[in-house]
Structures are given as C-alpha cells and as structure tokens.
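Mind looking over this structure? Questions follow.
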Amino acid sequence: MDLDDLKHLLTALQVGDLSIDEGLERLRKLPFEDAGIAMIDHHRALRQGVPEVVFGEGKSTEQICTIVQRMVVHGDNILITRISGEKAHALSNIYPNGKYDPVANTYCLQQKPEKDLGRGKILIICAGTSDLPVAKEAAVTARMFNNQVEELVDVGVAGIHRLLAHTDILREASVIIVVAGMEGALPSVVGGLVDVPVIAVPTSIGYGAAFGGVAALLGMLNSCAGGVTVVNIDNGFGAAFAATRINRKKSS
Amino acid sequence: MDLDDLKHLLTALQVGDLSIDEGLERLRKLPFEDAGIAMIDHHRALRQGVPEVVFGEGKSTEQICTIVQRMVVHGDNILITRISGEKAHALSNIYPNGKYDPVANTYCLQQKPEKDLGRGKILIICAGTSDLPVAKEAAVTARMFNNQVEELVDVGVAGIHRLLAHTDILREASVIIVVAGMEGALPSVVGGLVDVPVIAVPTSIGYGAAFGGVAALLGMLNSCAGGVTVVNIDNGFGAAFAATRINRKKSS
Amino acid sequence: MDLDDLKHLLTALQVGDLSIDEGLERLRKLPFEDAGIAMIDHHRALRQGVPEVVFGEGKSTEQICTIVQRMVVHGDNILITRISGEKAHALSNIYPNGKYDPVANTYCLQQKPEKDLGRGKILIICAGTSDLPVAKEAAVTARMFNNQVEELVDVGVAGIHRLLAHTDILREASVIIVVAGMEGALPSVVGGLVDVPVIAVPTSIGYGAAFGGVAALLGMLNSCAGGVTVVNIDNGFGAAFAATRINRKKSS
Amino acid sequence: MDLDDLKHLLTALQVGDLSIDEGLERLRKLPFEDAGIAMIDHHRALRQGVPEVVFGEGKSTEQICTIVQRMVVHGDNILITRISGEKAHALSNIYPNGKYDPVANTYCLQQKPEKDLGRGKILIICAGTSDLPVAKEAAVTARMFNNQVEELVDVGVAGIHRLLAHTDILREASVIIVVAGMEGALPSVVGGLVDVPVIAVPTSIGYGAAFGGVAALLGMLNSCAGGVTVVNIDNGFGAAFAATRINRKKSS
Amino acid sequence: MDLDDLKHLLTALQVGDLSIDEGLERLRKLPFEDAGIAMIDHHRALRQGVPEVVFGEGKSTEQICTIVQRMVVHGDNILITRISGEKAHALSNIYPNGKYDPVANTYCLQQKPEKDLGRGKILIICAGTSDLPVAKEAAVTARMFNNQVEELVDVGVAGIHRLLAHTDILREASVIIVVAGMEGALPSVVGGLVDVPVIAVPTSIGYGAAFGGVAALLGMLNSCAGGVTVVNIDNGFGAAFAATRINRKKSS
Amino acid sequence: MDLDDLKHLLTALQVGDLSIDEGLERLRKLPFEDAGIAMIDHHRALRQGVPEVVFGEGKSTEQICTIVQRMVVHGDNILITRISGEKAHALSNIYPNGKYDPVANTYCLQQKPEKDLGRGKILIICAGTSDLPVAKEAAVTARMFNNQVEELVDVGVAGIHRLLAHTDILREASVIIVVAGMEGALPSVVGGLVDVPVIAVPTSIGYGAAFGGVAALLGMLNSCAGGVTVVNIDNGFGAAFAATRINRKKSS
Amino acid sequence: MDLDDLKHLLTALQVGDLSIDEGLERLRKLPFEDAGIAMIDHHRALRQGVPEVVFGEGKSTEQICTIVQRMVVHGDNILITRISGEKAHALSNIYPNGKYDPVANTYCLQQKPEKDLGRGKILIICAGTSDLPVAKEAAVTARMFNNQVEELVDVGVAGIHRLLAHTDILREASVIIVVAGMEGALPSVVGGLVDVPVIAVPTSIGYGAAFGGVAALLGMLNSCAGGVTVVNIDNGFGAAFAATRINRKKSS
Amino acid sequence: MDLDDLKHLLTALQVGDLSIDEGLERLRKLPFEDAGIAMIDHHRALRQGVPEVVFGEGKSTEQICTIVQRMVVHGDNILITRISGEKAHALSNIYPNGKYDPVANTYCLQQKPEKDLGRGKILIICAGTSDLPVAKEAAVTARMFNNQVEELVDVGVAGIHRLLAHTDILREASVIIVVAGMEGALPSVVGGLVDVPVIAVPTSIGYGAAFGGVAALLGMLNSCAGGVTVVNIDNGFGAAFAATRINRKKSS
C-alpha cells in the first residue's frame, strides 16, 4: 500500500463507500503496510546513487544469474561481491559489458553513468599487499556507490616513513578507510595524523596468534586515536557502505 | 493513539471535519502510533496474570521506590528481582505487606489474589544447594506469573539415584526448569526421562574451569537429550518467564 | 525384564517356587532392569507421533541403509537429518517413496499418514536466505513429528517492516522458532511482539567476528525479550523437537 | 620548532649567519621537529571547537587538579571523563562554575561559549536505562565538541514500537550513535531505518553470557544493516569523537 | 526403602498379606528406591576410610555449624574445605579438638583414629610457594581419606635440579599429585621420571596471560608425558579424592 | 655412561690411573650422563609390559616403515596410533601378521604373547557410537599395554537406564575410562556410581557450541563427582596409558 | 654437595677410606646432587651483577621481612617487586636505607655499589602515562641488574611525531623495552625504526575489548616488524631480566 | 630526498636561487621525505649481513618469480620462506644454484659468501620431531642472516635427561631459540639452565586442547624462568630475526 492507495481509502471513507468499521479494520493492519510506505520512501532516498548489491558467497552461478536477471530490468547498476572467477565468467557470457575484478572478487554491471555524489574523496589505505583483496572490495564498492576514491597501498606501521611520505593525500580525504591485518595498528597512526573520520577494517591476514583477524580487530577497537570506528573482519564492503553514508552530500 | 482515537479520526473524515490531505498527513505517521495500538493489545493480553517486574540490580533504593510507587496505583502485582536485603527492608517500611525472599533475592507485592492460569505445574529442579538462589528466583517468578510450582532440590547427576527416586514428580509436570552449575549435566538426564519441555538454566556456581557458568552453559547447549532449550547464565527469571508462556492456557 | 516378568516373579514367590532370599537377590538387581520398564513406558508415550530419527552426518551410506532397514520393519516413519544428496540418492534406490529435501538435507520415509497432534501451529521464522537450511531442517522435522508448520522467510531486523507486515501470522502461532545468523537479533524483536514461547536457533552464517555462530548464540542468550530460549548453533532439529514438546496436546 | 623558527633558520642561512653544514645538521633532525609543525597545524585545525580532554579514571584528585590548572590558563573548554563524584566535588571547590554530571561521570569547565560547528544534529539512542551512563558520556562529549545533540532513551528492540514511534527524529539526524548492551541488536534495526552513518557502542550491561559487553560487541560487528561501524565497549567518548568528525563542517 | 523393607514386602506377598497387583504397584516404583539401596551399599563401601566432607565456600558460619552438628553424631571424621579463619574460629568454640589449617583453608574434626588404607604413599609435589594452599588442601584431604602422604615443595621446572635431587622420593610414591601454576610444566617432567599415575592440578597462580589458571590447565592437558591426568583449576580436594581411589587397597 | 663405566672410573681413581683432579673433572659432567643411567633404569621398569609406540599422524608411510623396521628387531610389541588405512595397508605388505583396526585407526604388531599385568580390568565406556574411534583407540592401547579390557558402548546420559542396566560391570572394573563428546556428562554419572578411579576423555564429537570438544572438556573438568580426572580431547591413547599405570601390579 | 665434598669423596676413595662399592652407591645418587653443583656454578655466574629478587605480591609483610632478613646477611643487593606502600613502609623501619618507588611498586636495598655490566644502554619506552607502573618496574629492575637505563615516556602511536622526535635516543640503545597497553602498536613502529632487539611488554591498561591486556598482547605477537619478542602482560620485571641477558657483556 | 638533495636546497637558498618562502614550502613537506632519509640510513645499516626476504605463503609462483627477478639484480642473498616444493621447483628452473629445504619450506639464493657477523652461536633447540619445520625455518633464516647456528633436536621435557646430557652445548650459545608445541614447557627448563637470552617459539603441533599452538604460547608467556621472551606461533623466521639482532656485533 502506497500513498495513492491510502488516498483512495480515505476518499472511499469520505464518500461513504467504506464504513468506519471497515476502514478501521483496514487501518488496523496498516501500520506495517504503512511501514512499507515509509520504507519505500526511505529506500528511494537511499537508493539515489546506490547500486543493487548481491552477496555472491554461498550462492550458485544459477542463483546469481537469476537474481541479476531480475535486477537488470530496473536499469540500476549492479554490484556482486565475493564472487569467484568461474562464476564471474559465467555472468560475462550473459552480460559481456560487466567487469570482474579478480583481486576484489567483485563483478560490476554499470548500467547508469558514474556520478560523484560525495562531499569529497574516500581514501582507502592498505597496510600490506596481502590486505589488497579487502581494500579492493572497499574501493570497487565505494566507486559503485558513486564516490571518488583514492588508494594508498603497502604503508604498514613497520616502515612508518612510507605513510608519513603521503600526509598530503591523507589530509585531502573526506573519509579514510584503513585496511590492516596482523596487529592492526595502522588506524591508530592514521587517526593521529588526520581530523576526518577513520573506518578501520581488520583483515584475516596473519598466522598463529592473529586468530583469523581477531588480533587486528581488538587492536582497532582499542585504538588510542580518536575518531576511529571499526567494522567486521574482512568487511571491505561494509566499510565502503559506511564511508558512503559519511561522504554523501545532504540530499535536501 | 488507540482504537478510539482512530475511530474519531475516521469519523471526522467522514463528516468532513478533516480533509483528506489532513487525514493523510496524520495517517502517514500512524504506522508507529498504530504499532502502539497493536502493542497495547498485545500487552493487555500478555498482562493477564503477569505482574509488573522491576530488575533491581544497579538501581538505588530511591529509584526502586519511585518506580514501585508509580506501579502500585494500577493495582497490579509487583515483582522486584535481584534486590538486596537492605533495599528490600526500605521497601518493607513503605509496603509492609510485601514479602522479601532472601535466597531468591526477590520482593513481591501481591495486590491481586493468586490465580492458576497454567495448563499444569511448573517443576523446578536444582542440582545442588549452591544453585538455590537461581532456582528460587525462578520459583518466585513462576508463582507471581500465576503458575502452580513444585520444587526438587539437590538432585545432581553425581548421585543419580536421588533424581530417579522422584520420577513421578517429573512426569506430572507440564514444563520443567532445570537449574545446574558446574558441568551442567542434569538437563540431559532429565530430558531423557520425560517428554515435556525442559528449560535449562546454567548457574555461575563452580570454580576454576567453570568460568562463571560457561562450562554449564556449553554443556546444556550440547545436551544429547531432545527437547532441551537454554537461557542465559543465572537467569532464573527468564526461565520462569519462558515456562509461563509454555504453560499458559490459550486465552481464547 | 518387563511387567510380565515381574508378575511371574511375584507369582513364583507367592506360590512358593521362589524363596524370599532368591527373590531378594533377583530384586536387588531389579532397579536398573525395572528402570528399563519405566523407560519403555516413557518411550511408548513419547513415540506417539514421533518418527525414528537417524543423524546422518558422519555415517556411511552403508551404515545408514543398515539402520533404516532395521527400522523400516516396525512400520514407523523415519527421518534422516544431515544427509548428503549422494547418500539420499542411494536410499531412494531402495525406498523410492522416500523424499529428499536438498535444502534441509533431510530424507523422510513416511510409512504412517501425517497427523496433527499439536495444540496449534509451529511457526518457523528465518532471518535471511542463507539461514534456510537450518530453518528447513526445523520445518521438515516438525512436520515429521506431526505438527502443523508455517514458514516465514527473509524477515531480518535490518528491514524491520518485513517482519511487522506479518504480525497476524506471528500471533496465530502456538510456538515460534526463530532462525538467525550474524547478530542473531531477530528473536528479541519477535519475543517482544508475541506472547507465545520463542525458540531461538543461532546459525553459523556470517563471517569474521561471527565466529561460526557464536555472535548469534550470545545475542540470543542475552535477548532482552522475555520468553526466549535457545538451542545449539545450527540445531534446527533440536528446536523442532523442543517445539513439538511444547505444542503437543496432553496425552491424558 | 614552529614555522617562525624555521623562517629564522632559513634567514640565517640566507644572510650567512649559518653555514650550509650547520644548517644541514639542524635540518637533518628536522623531520621529527617538522612533524611537530605539521602536528601543530593539524592540532590547531582539529582544536577548532574541540575541548581539552582528561581521562579521569585511575588519576588521583591531585593529578586531575594539577592537569586542569595547567589547561585552564589557555582559556579552552575542559572535559574530564570517567570522574567520580568525590573527585568532581574537589574540582568544584576550585572551579565553582564547572558542571558535574553524575550519570555521565563527566566534569565540564566551559570557558568559551557553546558553538554549533556541525552540519546537523548528532542523535544519541539508548536501548535501556542501564545504558544511560554510556549514552550520557557520549552526549556530554558531543556537546563539549560543539555539536547539537538530541537524545532518545529506552527504545530497545524488545518493544520495537517504541523506536518506530520516533522515526521522524531518526531521519533528522546527521549521525546517530546507538548505545546498547545485552544482545546489542538496536544498531541493526536503526541502520535499516535511516541512511545516515550509525555508530554502535556496545555496553557492558547484561549478565551471564553477556561477558561484559562481548555479546553486544559481536552483535554490532555482525550487524546485517549497512552503514554501521563500532567502537569499544562502553566507549561513549570515542563514539562522540568519531561522530564529531563525521558531523563537522569542512573548515575550508 | 532398604533391604529390610524389601524383605518385609516379599514376606507379605508370600504370606498373602499383599496381593500380586499391590506388590506389582509398589515394585513398579521400586527401581529408584532400590537404586537407593544400591547406592547405600555403594556408599557404605565407599565410606570405609572416607570422612564426611563439607565444601565451606559460600556457606555461612551458621550453615556450616548446623551441618557439622548433624554429621558429628554419626561419629565419622569431618573435613571442611575452603573455610576462612573466622568461620573456623567459630567452629573451634564448639569443637575445640578440631584443627584448622590456615594455609590449606581446611578444618578437620577427627573422631576416628587415623588409618592407612592405601597401597602406598601419595606424594604431593608443589612447583612454587604460591601454590602451597592448593597443595596443602590436597595433603590434608588425602590424610583425612586415610592415606600416607608425603610433600615436596618448591621444585618448579625453572630450577630443574631441585626436582632431580629428589628422584628417590618420586619413585617411592604410589600416586603423585603435581600442583603447579603459571606454565604448568612440572607434571610433564615428573611424568617422564616415574611410572606411577600422575594427577596434575593447575593453580590460578600467575598473572597476565596466566588467565587465572587457564595457561597451566592447557599445559597439563597437552602434557607430552604419559600417564598424566588433570583436575580442575585449584582443585586440590578433587586431586586427593582421585588419588585416594587409585591408592586404595581392594576392599574385597 | 652406565654403572660399569662408573665402576671403571672409580677403580682407575683407586689404583692411581686417574688423578683426583681428572676424576673431579669427569664427575663434574656426570650428573647429566648419570641422569642417563637413572633414566635407563626407569625405562626398563617402565617397559615391562609396554609396547613401543609410534604416533602415526603426520608421518609418511616411508617414515613409519623405517621406524617400525628399527623397532621390530628388538622383538617388542609395536603399536602405531592415528594411522590411516592406506598406510596400514603398506605396513601389512611388510608385516602380514600385523593387525589394523579401522575404527581405532591403530596398527598392532604383536611379537610377544599377550600378558595380564594388571590388578583388574580396565572398563572403557562410550557415550555414543560417534565416540567409538576414541574409545577403540583406548581399548587397543590398553590391551597392547597388557591389561584386561572390557567395553560398554552407547550408554549416554540421555537414556540413563542403559547405563544403570550395567552396574555390575561398572563395579567389577579396576579403572574406568569414560569417553564422551557433546556435553560430556557421562563421567559425572559414572563417578557417582562407583568407587574406582574414573578417567574422562572428551571427544570432538558434536557441532556448534561443542567447539570441537571444549564443551565436553569443560564439563568433565567441572564434574561434580569425586575421583574423576581428565585427559586431552580425543586422547584415547593417553587415557589408556594413565589407566595402565593405575592398574599395574607393583613390580616389586 | 659441592666441589669440596666431591674432592673429599674422591680422596677417601684414593686413600681407601671408601670402598668402590660405597663410592658407587654415593655417586649413583650424585647426578641430582651434582646437578646441584652445576647449578651453583651457573648461579654464581648468573649472579654477577644480579640482585636477590623477591616477588612481593601475595606475601605478607612478615613473610617478606623474614625472607629479606635471610638474604641481607649475604651482602647482596635485594629487589622486591609488586610491593605495596604499606609493606614497604614496614621494611623501611628495619632497613631505613632501602628505597621504595611508589610508581614501580618496588623496594630496593642496595648493599653493593651500582655497576655497569652492560654492552650499552637499555632504553625503556612507554606508550602512555597509565603504562608507567610497568615501565618503572622494568627500569628499576634493569638498574638493579646493573645496566644503564634510559626512559622515554608518553610516545604512543596516536601522536607518532612524539616518537619520531627521539630517533637519536632510539638508535643509541643496545636493547629497547617497549611498554604499551590498549592496541599495543608501539613495538611495531619502534621495531621498524631501529635494528636492535625490541622486547614488547603488553599492559593491562585499557577497557572493554582490551580484555586486561589481551588486545595489546595479540597486537605485539603479530607485530609486522622484525626483531620484536614479547613477554607476559604487565611483566616489566621479566622484560628487564631478558634485556639484561641481551645487554650483558660476555663474562669470559 | 637524500642528504645531497637537502644540500642543494640549502645552497640554492644561500645563493638566492630559492626564496625563503619557497624554501619554507619545500621544507614544510620535508619531515616525511627526510624521514625517508633516516630510513635509508637505517636500512643500509640494517642490511649489513641481512638477505632480502620474501614471505612465500599466498603468493603465486609467478609473483614470487617476478619479485626474485627484481631482487636478484642487486646481488643480495635472497631468502624465501613458507614456499611449497612445487613453487621452489619452478624457481630452481630459473636459478639452478638456489637451494630448497623441504622441511623448512625455504628457498635460498646465495649470491654473496656466507659471513659470520655474530658475537657467538645461535642454538636452536627443538622439543619433538614434529616441531622440526619451525626449527628448520629458524635455522635456515639465522644462517642466511650470517650467524653461526647449532641445532639440538628432540629434547622435550618428558625425557628431561636428553636435554641435561647437552648442557655444554647450551652454555656455549650466545642466544637460544627454543621451539616447542603441546605444553610448551621446554623454554622454562632451558631458561633455568643458562644465562643467555632465550627466545621461545610455540608451534601449532598438538591436538585437542592444544588449540593450534595456544597452549604452548600461554605456557611460554607464563614461563617461570627469567630471560625468556616469546614470538608468534610457528614463527621460526621471526625468532631467527630477533636472535640475529641480539647476536649481531655492534656495527660501530
């Protein structure tokens, strides 16, 4: 039920096509259908500059193709994350203009032109080359969400001068996503150098007592620098989504 | 806004006191107010035979008194859990007919007569005497929620004959709450002896590798017996609440 | 030793075929054989409307076939859980009227007609499509245990309106099983909307700090809503078993 | 060494008061001193609308007084977090115009007038009354950091209609801080209702398997809603700091 | 119901005072009462050389006194573990011949003469002086359980020669209890030097990553030496109980 | 250096072939070589009735064959644990009289006749059929260590009557090994029924919150029954080794 | 038995006061007594420049005084760690020239003059002022172990320029101890700036997901910088002990 | 920018080719570029006797070949760790004089002659044969870093005499790396026998409650012996790197 439906209901009441009791009954169930209205409004607002997203992991090639086929007719951009090369290949046969990124494990189908809906740039910093898949997932996502994106790779804290050599880039960003595994110390250093929001993404990179990203996650949650918030391990997509919300120009 | 308010709104529409646009505007915000209606219905239904409950832990004597004073005017029964003797004493000065249970750490103010709204009895079984505070919290709660309650104490698995000597009581229950610390094995044994629902409550009783109830909690979640579900550590109140829902006669 | 054996023993005593000392000796060992009697009673009661169940995981096709062959002669319904397509295929060659559910990973051999032994419906709610295998295991199990079952899929808390649109269904249920992974928040919301028992099943769905279902498990154990109890991670079968006990009409 | 010092050095070089080798030697150490310059710039920028902050926990009354005395002379606003009533009382004797908040455990010394340096309002939502100290710490901090702040209390997911009744307030915010203990489910629901950044703060509220906030932390990290980032357990200050960075108008 | 009761029942049957149906009915419930009989037999056997034991922790002085008063009339020896000096003092006023051990935190009331019911000596080895309370609890318990006990203190692995200097004592023991905190390495070394059973007791001694005895517990469970079994953290009583069972001469 | 070498040294001293200083120097290094002597004694004692043992996991077929070839010449019995069928097959080609147990994953080469060196029987109890591999590893090991062994399978606590039906067997044992996964409750029940030592072996059987045997391990460490000690998860070999030490007749 | 005793034994043998068999018997037990000799040598070597150390925590004032009185007669320096002000005060009454450090919680009794036995300086770096007690414990210990010590305080990674401003000091050190809590990132940065050994000490400073030092510990174990090793949480003493071994000039 | 560049800048200033403002601007960015200078110095110093290192895990054969080709032109020695046989084989086709170690999983390309840059020997001790891969990684690394290395294998604590028989070797070392899995007790014993630095490396060897090296890690962190520091699980490379720093002769 949308606003039009609601208008019809009220008109029917006013003109007597509907008794008060009947109206009452229909409105009694309304909240949740109305909630639907609210959501649609919200979704519409939200969707300005946001692609349709499919989480590819654990879905078969068939399932993904079916979903994409349903989405593609609306003309929106489509982003598939956590997709293997093999499945991406199958999609490419159907949608040859889609682009697969073998590092980010993403497949993008751009049906609308790229826009820049952000207040500034999203900078994605990556501690080591092993963290690249997560950083690239964030980068691809942020671009598909219509942000300008800059990337800085392999600037881990064990060679702090590599990071310090790029402070200009750090200061130009509007939001910074910092991707790091092992001890996860980079967001603390970055958070101390800038005054924009820093989103930390722990990665599962590391061995032994890295515990699949737990060490990095704890390090980031305990960051002694201000302005650092954290997302789930390896969640490059989630970081880019949050960064988009931060970077987005007020729609009004 | 309740059903009456809604009726007035519709009537105002019908008689022309409200334009369709005004009605639309008010109804647009309705979902969540209507949700309120739904909730009130629900709450009313729920509250048949349910006391007002105050979680006493971390609240000052003053705060508890203020809350109780607001509640008492509605004439409902009032249950305060996790309340210390000192605070209960303060309450008793104001409400001398309230009853404090120093083992269960509860304070009950009975303003309406006890009823039996259940299909049968709730049986509360307790592995050791140290688990008594949790078992008693469950017992007091279940009684205040208008159930018939039976208790069986100190029938832990290390002396399995103590439990086996009471199978008649086990079989008569409509729901069984099993409270146990340490290895938390009792619900498995009970679950194998009966065919009614068993709610397991791990307690923080034990030392060393009991880890404050984690050993018992894991034991219960891994119960090899069917029909066992689990609540949080030491959560006697929660177990009694769930048992009440299971035991309650269909209101219809 | 069953009741008949016991009768013979007592008769032998009464007619003098057995001395008191001989009787004493045989009865001294009785408890555990008698326990057997008690159990049989119990099992018979329990089995009214309960299929034979085989946990298929870790069993070879041969082992499963052997077990099923032994069971099938009793004419009971048979439910095999956690069975792969390959093994199910082998079974289908022998029992062509069995049904394999590739999502639930179950195989059902229905030898007796379906019955409805419940007080009401068991509703199974599922937060996301990835949680479907666990929800379906619960659904298949609950049906084989002779309950009426309704299912509600993909109503996770991040789009709360999807759930709110179905409150009628929620209120009609006699027990609700809520299956959710990731943050496991759905049971809290459901528990706040209804006044029937809610059984929460955490799933291992999620990545990073989901820790194979631990995040969802902890979320559910700490549910701020009343009446929620929890079973082991991915334990759809266990939830359905517990729900059956709750839903079953008193045999009396 | 600041920009003036650097200017003097270069002038001395240019006019020959310093040899190239002497200059080289002094500049060789410069990086880190220069880093100092950079930091000062940064700090100055940062400090626009930022108070001096003292973390009061584990510091004696004497230590706090000494630090405040050194700070007060610069005329900045001063915020002390995690300070007990007793210590705050001692401070009030010296600075009678300071304000102690006994719920937030903060002490504020406002020497400069409040400003609004934000793009919009920071909304702080609190699941239960027990989470109030953390929410209030966030609120006091955000105000001292020159943001407009709105608060919404006791809207936990177990009574979802309480939250839904306030969607207007949710939609007006520029950033939302969601404070919740126990299962930490509220940020997921909020994140699904709005399209602004959501910062989740797990609290140590809860018992048993809440594990001092771990359950809420994991729940929030695994949020199925987009745009949610997380800070450390009970870290109301950190959430407000991050929210300030998100809300701040570009200084340029 | 004990053997005498059972004899009466059978006699009543034989002489016709009880019908077969009546007997059947009474015997039907017998298993669990008979289980009682079996247990009594068992308990009697077990109790040869075993004191009555009270776990003092969490019990008030009053409760302990009440329990002891009930026990003392049977003339058995009484052992109270985990009892504070204050409570022990109260007991000493009533039972002046009882002995309190302030290191072991035990109180012993010896009403029967000491016996030696073991096959050999129980040796209790203690890694450091901080582990003494646990070692002493084991020693006092083992003596009250009528074993010969020898003690070896402060022979931790960091000064391995201290242990090696006592190999004769090691080889004379019939069972060895090894009490150690921190890294818990001592049982591995001892297990490699002897061929008798070794019971390892982790203690909560240590700091930081000792995690209250978890490090020692894991070390002991992973012992690379054969014949080592483990009890709970700080469980000197449990170790002595198990050692008693190992050391006990076959009663037959 | 053995006793003969030591004798020669002393004789050389006595007859003047060695100066006191030279003797001093050689004896100064003696401790550790002498320690060797002591160990040999010990090892000899230990080896009476003990096979050579090879831990097969992580060793290639070649490595195992090489080790066995070196061992076989001493004529001792040889036990290989954790060996796959494929590797066992390779061994069988060389030693056709060796026996592979595909459940226990062991390979036994019996070169000396079986003996019974124990004081009584070792009873191995197994909670469920899935725990069989661990129980069988214990059984094979205990037999190869020259003990009499009895086995009791599938007597888990959820059907307690199955265990109670075998109390005679329980009481005849000299040591009992209890193998259980999931909630690991069986040792508590067994420990309460007997008065002989009970060695608990947690297995990694179970799913979800069983955490690969951690739930069972914690359950067993927290056993409320006396006389229960614990070995590592799935460590059937270690349990049998410890049981052998307990069961062994004093060699003297 | 020391070297003199051994000499007497050999002489007795040579002059015939002892038979070879008697000598053999006494020497047979020698290993472990001899081990004692070896240890004494070792200990003597070790003790060059090493004080007697008492771990004060958990020891009563009386116990500490007794131990110190026994030690003081040997004229060695004495270091007591983890000692409270109250206990230190009691010691000062007896040994007025002892020095208590209320931050390090140490008490030093210097009976021998300070020496410098190191190859260079031990530098102790401290991330925040809250980490000072641990850093000071390390500093006091290192000085008592006769090393030159330098300290650098409050140079955490969130303000990286503070550290970079002191690279000269970093490069002059022979070993560096880095003390840090929260995310424990400082050792990684330091390890990347220098080429000397870095010993990382995690502290229990932090809250929430710092888990009493676990976050810092994991961060340090996963340090991406080379040459970093780690000691236990808060173990300033252990770090200084290890640093002493690294810094010590070869005694030869 | 290096020192020469800096000299040119200053000269340009002095001769007037650069205005003070231009110089100021360039110097403002200098810190981080200058930091670069410092790093180069540092790196040069560091690299004396240090090979180029490639972490092979997770890199494709192609990637490794590309990296090695870039490195090989500088004429440095090259060490690849965690490389599989297959990848090493591919490298050998290009660089036939490289050496693959199938136990250590390393590939070494020695372009410069071996040197001995250490103060003494690095001794690598290994508890069991299963720990060999980690010990060998440490040995190969230490040799490539130009140290003299000695190895001692299979001297675990369960047969302590095996270690004691080699005390001479222990005492000759300048640093000792101790590699151990399971309970990780060996470093404590070694640390008590020597007075040189001991670096403990936990390995993931063990099963059940070894938790992939956590038991060994905790054991080592809690070592009761002085002078023991710890690296990450299985981190043989890191231990050798730290040992090299300790062993290296002062370059001055």
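Couple of notes before you dig in:
The chains carry the letters A, B, C, D, E, F, G and H, assigned in the order they are written, with residues numbered from 1 in each.
By definition in this document, contacts are C-beta pairs under 8 Å (C-beta built on N, C-alpha and C of every residue); 3 or more make two chains touch, one makes a residue touch a chain.
Since we're looking at a predicted model, the values are computed, not measured.
With contact taken as defined at the outset, chain C and chain F are each touched by B, E. The chain pair with the larger count of C-beta pairs in contact, out of A-G and A-D, is A-G. Each chain gets a centre from the mean of its Cα atoms; the one farthest from the centre of chain H is B. Rounded to a whole number, the gap between the C-alpha centres of chain G and chain H is 25 angstrom.
The mean-CA centres of chain D and chain E are about 55 angstrom from one another, to the nearest whole unit. With centres defined as mean CA coordinates, chain F is found 50 Å away from chain B. Shared interface positions of chain B, defined as residues touching 2 or more other chains, are 31-32, 35, 38, 159-160, 164, 167, 193, 208-210, 214, 217, 221-222, 226, 232-233.
Chain pairs recorded as touching, per the definition above, are A-B, A-C, A-D, A-G, A-H, B-C, B-D, B-E, B-F, C-D, C-E, C-F, D-G, D-H, E-F, E-G, E-H, F-G, F-H, G-H.
Interface residues of chain G, counted against chain E in their complex, comprise 29, 31-33, 35-36, 38-39, 57-58, 202, 204, 212-214, 217, 232-235. Remark: chain A residues 127-128, 156-160, 164, 182-185, 188-189, 191-193, 206, 208-211, 214-216, 218-226 touch chain G in the complex.
The touching residues of chain B, counted against chain E in their complex, run 130, 159-161, 164-168, 207-210.
Contact residues on chain E toward chain C in their complex (touch as defined above): 3, 6-7, 10-11, 13-14, 16, 20, 23-24, 27-28, 30-32, 34-35, 37-38.
The residues of chain A lying in touch with chain D in their complex are 35, 38, 42, 45-46, 119-120, 164, 167, 171, 174, 193-199, 217, 221-222, 226-232, 238-239, 241-242, 244-246, 248, 250.
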